[in-house]
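Order of writing sets the labels: A, B, C, D and E. Residues in every chain begin at 1.
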């Protein structure tokens, strides 16, 4: 009998419920292996992993999301599992694009399990009220809709912009949508003109158009969710993972609906971030492999979907009726066609959180102009890549 | 005393206690403990600060001398953090000392009910930083915050304000939270100090013609100076060193409006995995604290004698 | 004419009450609000219309925190870690404080000062080497290891406080006991410690509160549920996909209960102890 | 100064039961009594630091009962000196003037004058912590003097000093009083201080004044046994016995001790009473017909004198003998009594029995 | 007990400079000196509570220098009494026996015996907090007695008591010593205690023993001006002047004061010296040819006596006059000196100048 432990950043009630079920399932099919799970707050996950890498004490297995993949492999936190994957029957259900975010230089380090698919939630009732026929498809339409939906007198704003923790995600999205790459061949590749345009556009929603709640500079997940749920905002950008929470507060289809992210002038950006599991140390490598590959199979994926609404990575699971027949999920399915992986390069996390976030906040608060902000981002990116 | 005890190991320990080695015996456990849990890590921090240690760039690791310190001089965030740290600590301490003093003086009057008030006023100190942080985040929330609601209702504000989102108010808001959380510490120590002031001094001053204000100025404050000195220095150390409240409240934002050194070091180490630079930041904090403490202790001693 | 001086005293009393009440409101208001929040439904909290008094009182949040968060385990861990911390500090710190207070030896003052200075290295950088050390002796992720880490900043505080209390206990009592036939050790255990009892309680409560509330070390040095403490557990539940406010508030309320109870028990001893220590200060 | 029927209770505890005292201007009143008898309470009431439950106080000819301390124009010296530890000696002394808005220039001059009088001019820049006990005492007095108050209050100002200094400072205070002529109320439990300093002594016990008189009267004609025993060191010797009056006059008898006394209006008969005689009135004699025969218990040479404790019929009797006294423990010893100097007390009421003069010496 | 060349330094500060004292068994040694002279330090070293920097201590005939206090078989009474506040009086007294493993039964008996001797049997169940000062003092003594130690140590045991009680307890200690016969070392800065109690007094100053002798010698023939001034209250009067020796013998002259003295080996000439005379040796006389003429400055009746301070050529001179002395401030006063009782000190070394006897009375 082997015992392995597993680090993850599932914390909400629904996530934990899903995880517990998966462990249960796994226990049934692998009676010889016991899994102990340890949940670590998402924001502290990398801190813990890194200190475990420096000081020792890594877990057997851990959750790997696409954004962190590069950092994790760079610090040598993951074990190469290419050989095992090759001989694994479950590989059939995971097409090639699922693996790109989990491999580097041809070597595979994690088995994909589920995906966060970015999309937009909007208040259907507000849209109807404002005489808008449907969700905006481009940035131009988006701005136009925003203007209509905003009414500060009623305390209503069109868009719940995320300016606090996690804001970088959408800032980078908008930059790419305006045609600026971030990193090419391991070199900083931000196109300054395009990036400035992007930042100007995005921040103007707050600064000029004032279609964003004044609290935006410090709003993170919780605040934009509450803004949306309390009816303060009409649109928010997020991913499939929050569907359950919003559905609990608002009626799907009546009060709110989902749509793909609007397209930018140069590109249509929406992220499909696969998350998987990797092996972090090779003491119990066989048992560890059993566990992480189990996540890639259909049973586990469906279980997780049922509990959390996270999209399965496995194509077999995607065929499931519960996804196909639910209109709310259509936007996600559409996004799967054009969505791309998040940027992943060594230092991405640090740069995003410690440079992009504060500089963008500074733009929102008027301390920096978009030009200065972009300069700082480039400067920070070059430093991070050095 | 049981005769058995006379022959046991306790007796030997007792005999030891009459020798000159006793002092070593007494100091040994705590010294060893501190050397282990403090001295080694501190040394380690110093060493790391002159090395490159970036987890995500294992290839670069090695001796780099003063590189981090040089880099720090042109690091904008470092200077902002330094300034914020100074403001944050100074303002928080000033408010806490003031509030603590007022509370202690009021409690020391021993009006009926003082005991209850004493416990109630101490409550904030019992809360973990994490809880206090989240609680105030809710109180000051731009949508759900009751403080905004009260201010709007009373006409002070026209709309809800996002206190933590506006760089003009973010630092002040975090200071308020810290003050709320920390002032009972001072109240408790000052209360103890006040009880130690001889009653005769007040009587003498009353006979000499000093009113309550002068008595406070000329007796209460000077007599509490030792306690104030000690409490302030302990508090400064813990405020400078622990990032947890800001970690919970703002994460340093918006922009770098609430970035302080401890938080910056934390983020450098655990978000950018740049331990070398974080080590250098820590060393600088350590040196600043040392210099502060030395000057502070000297200054307060000199003025006392 | 009694009125004038009585009147003056009355004014002072009124002022005192005004100050105390204001302070109490300032201190208690947020906690009361947290309490109210903990009794509300989510719908009464996340609402565009401020709801002061819960429309329906629910204990759902408490139930939720109890079942979801592993609350009993977390609280037990916190209790155990705090207890061990206090125990270590009392065992080693008392000896050191006694030595500083009662014995004269070369470099005493300097050593005292260096006990204070060790607190000055930021926690952030202490964590990694500490972790390395703990791992080599197998203490990572153990409650004992965490307690040991706490001593790095609590032991000096404890020693400093307790020394003050020892200083306040008359030296002659100890001499008397030694002449009566105790060893130094015996005199310390039988005479000095009982005398400094209140001070011991006061110092212990101080560090107990600090240990109970500590976050950064607890976060970084524990991994498993086995040793995770309550503040970390709570923060963890908040996580990215956040805990509902009601549950969080319930957690907050639960987290002060043990401390308040502890304090209520030792309040007298603590205040007396502090006063005794301050007399000489 | 006059005190009228001052009463004071702390809750249910009554600590002063109607105190009446009058003191002429320039007088020196000593409140004397054992610990807890209410001396400090009374002094605090006079100072205005405490409020009486009832009664009235006048200083000079104005009633000050309702005035706060600062308006009573008094100065006070505390047992603990109560020097402001953070201020220099100069500022300490000048503090009362400062509070009254006296300009700096004048203040300095006054402080200088007081300091010279007390010989502490060289200490003006120091902090109280750096002074010796006697110096602190002087500073505390300086603080009082400089204000030229109507009334000085002293609360056991010497009891923190060691024996030697106490004697010196006592003389100093006496000299000061004679020089300044200010009225003084002085609290102490040391009867020698009371004897040497006072123009009037109020002996207190349990919140009552037992006797209010000049020191000599108090010493020689104490109103009751409490006063008699409290004043004098070593204390007055008490011998229980009987007062027998018959045709041959009156006499006191106890065991072998017989002392003829003259009681002006004595009914014939015998009553229980107590003879009080001070140690210095007992003379060691060789004569066989001395009044008292005893056995030496303890011999204590103090330098100028020798205190002899003898056992006389179960009583321990102390006598002050010459420095050259040579007796030792267990030796026989005989004392004569100067009948003029004895006191008689009623055994029951403990009050003094008034006597006439009987010049005969035994 | 014998103390050999005890030295003690605290860091750079040397507080004892080689102390040598011998005390016969059953003797009563008083260490007397002003505050800070090292008395307590020496006592603590004898007790073993402090280690000497060098030197040797023997009790009886065994050297105890290296023994911890518990093995020295001593008992000690502290100024603050140092009663264990949490233990009953009985346990307090019996604590030393308890520590030595004496069985309960026997302990009780011994405690009872000691308590009876000190008349505190009725207090055995109380806690120290509920005792009066004098009672605490007795308990502290009980704790010492019960152990029947080889040596008693007292560190200012009476200085926390008020004047009255101090005198009583002093007698008590004297009586106890005579009864038990145990060797005692007793620290005080009160010279009267030293005089009355000691069989041998060591006067200390600044870490040196100034004089070691029996009380009478110390009082009458002090080794130097320090000892002379320290012993006696009021202090010895010093008059600066010249010692003039010529054919007509030797005499002391200062202003109008002329006192013939007999110096055994005096070279002719004159030298600066100081005359010391105790207050009780100055007699107030009416004669015109008295040695000293002065003006009264302060008159202090103490009860049995009256202290008269007079100004004589710039010196303040104190004399002990009769209780009935009637002089007042500014009156003329004349004193005669008993030439036998004077002391002469070298003005420079301050040491005593040995004199022969000159029986003439002025």
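Note that a residue touches a chain if its C-beta (ideal position, glycine included) is under 8 Å from a C-beta of that chain, and two chains touch if they have at least 3 such contacts.
The model shown is predicted, which means the values in this text are computed figures rather than measured ones.
Graph distance from chain C to chain E, where chains that touch are one step apart, equals 1. Compared on C-beta pairs in contact, B-D and B-C come out with B-C as the pair having more. Averaging C-alpha coordinates per chain and comparing to chain D, the farthest chain turns out to be A. Mean C-alpha positions place chain B and chain C at a centre distance of 14 Å.
The distance from the centre of chain C to the centre of chain D, with each centre set as the mean of the Cα atoms, comes to 54 Å. Each chain gets a centre from the mean of its Cα atoms; for chain A and chain B, those two points are 37 Å apart. Centre-to-centre separation of chain A and chain D, using mean CA positions: 92 Å.
Residue numbers of chain E whose C-beta contacts span two or more other chains: 68, 70, 99. Shared interface positions of chain C, defined as residues touching 2 or more other chains, are 46-48, 127-129, 182-184, 186, 235, 238. Multi-chain contact residues of chain B (touching two or more other chains): 15, 18, 143-144, 269, 275. For chain C in complex with chain A, the touching residues are 42, 46-48, 64, 68, 127-129, 131-132, 135, 140-141, 219-220, 223-225, 235-243. Interface residues of chain B, counted against chain D in their complex, comprise 198, 200-201, 203-211, 214, 218-219, 222-223, 225, 305. If you check the complex, the residues on chain C that touch chain E are 104, 170, 172-173, 175-184, 186, 191, 194-195. Those residues of chain A lying in contact with chain C across their complex are 5, 7, 9, 11-13, 15-16, 36, 38-44, 47-48, 51-52, 54-57, 59, 155, 166, 221-222, 225-226, 229-232, 241-242, 245, 249.
Those residues of chain B lying in contact with chain C across their complex are 10, 13-18, 22-23, 25-27, 29-31, 33-34, 36-42, 44-45, 48, 99, 102-103, 106-107, 109, 111, 113-115, 117-131, 134-136, 138-139, 143-144, 146, 149, 180, 184, 188-189, 191-193, 195-196, 212, 226-227, 230, 233-234, 237-238, 240-244, 248, 261-262, 265-266, 269, 275, 278-279, 282, 285-286, 289-290, 293.
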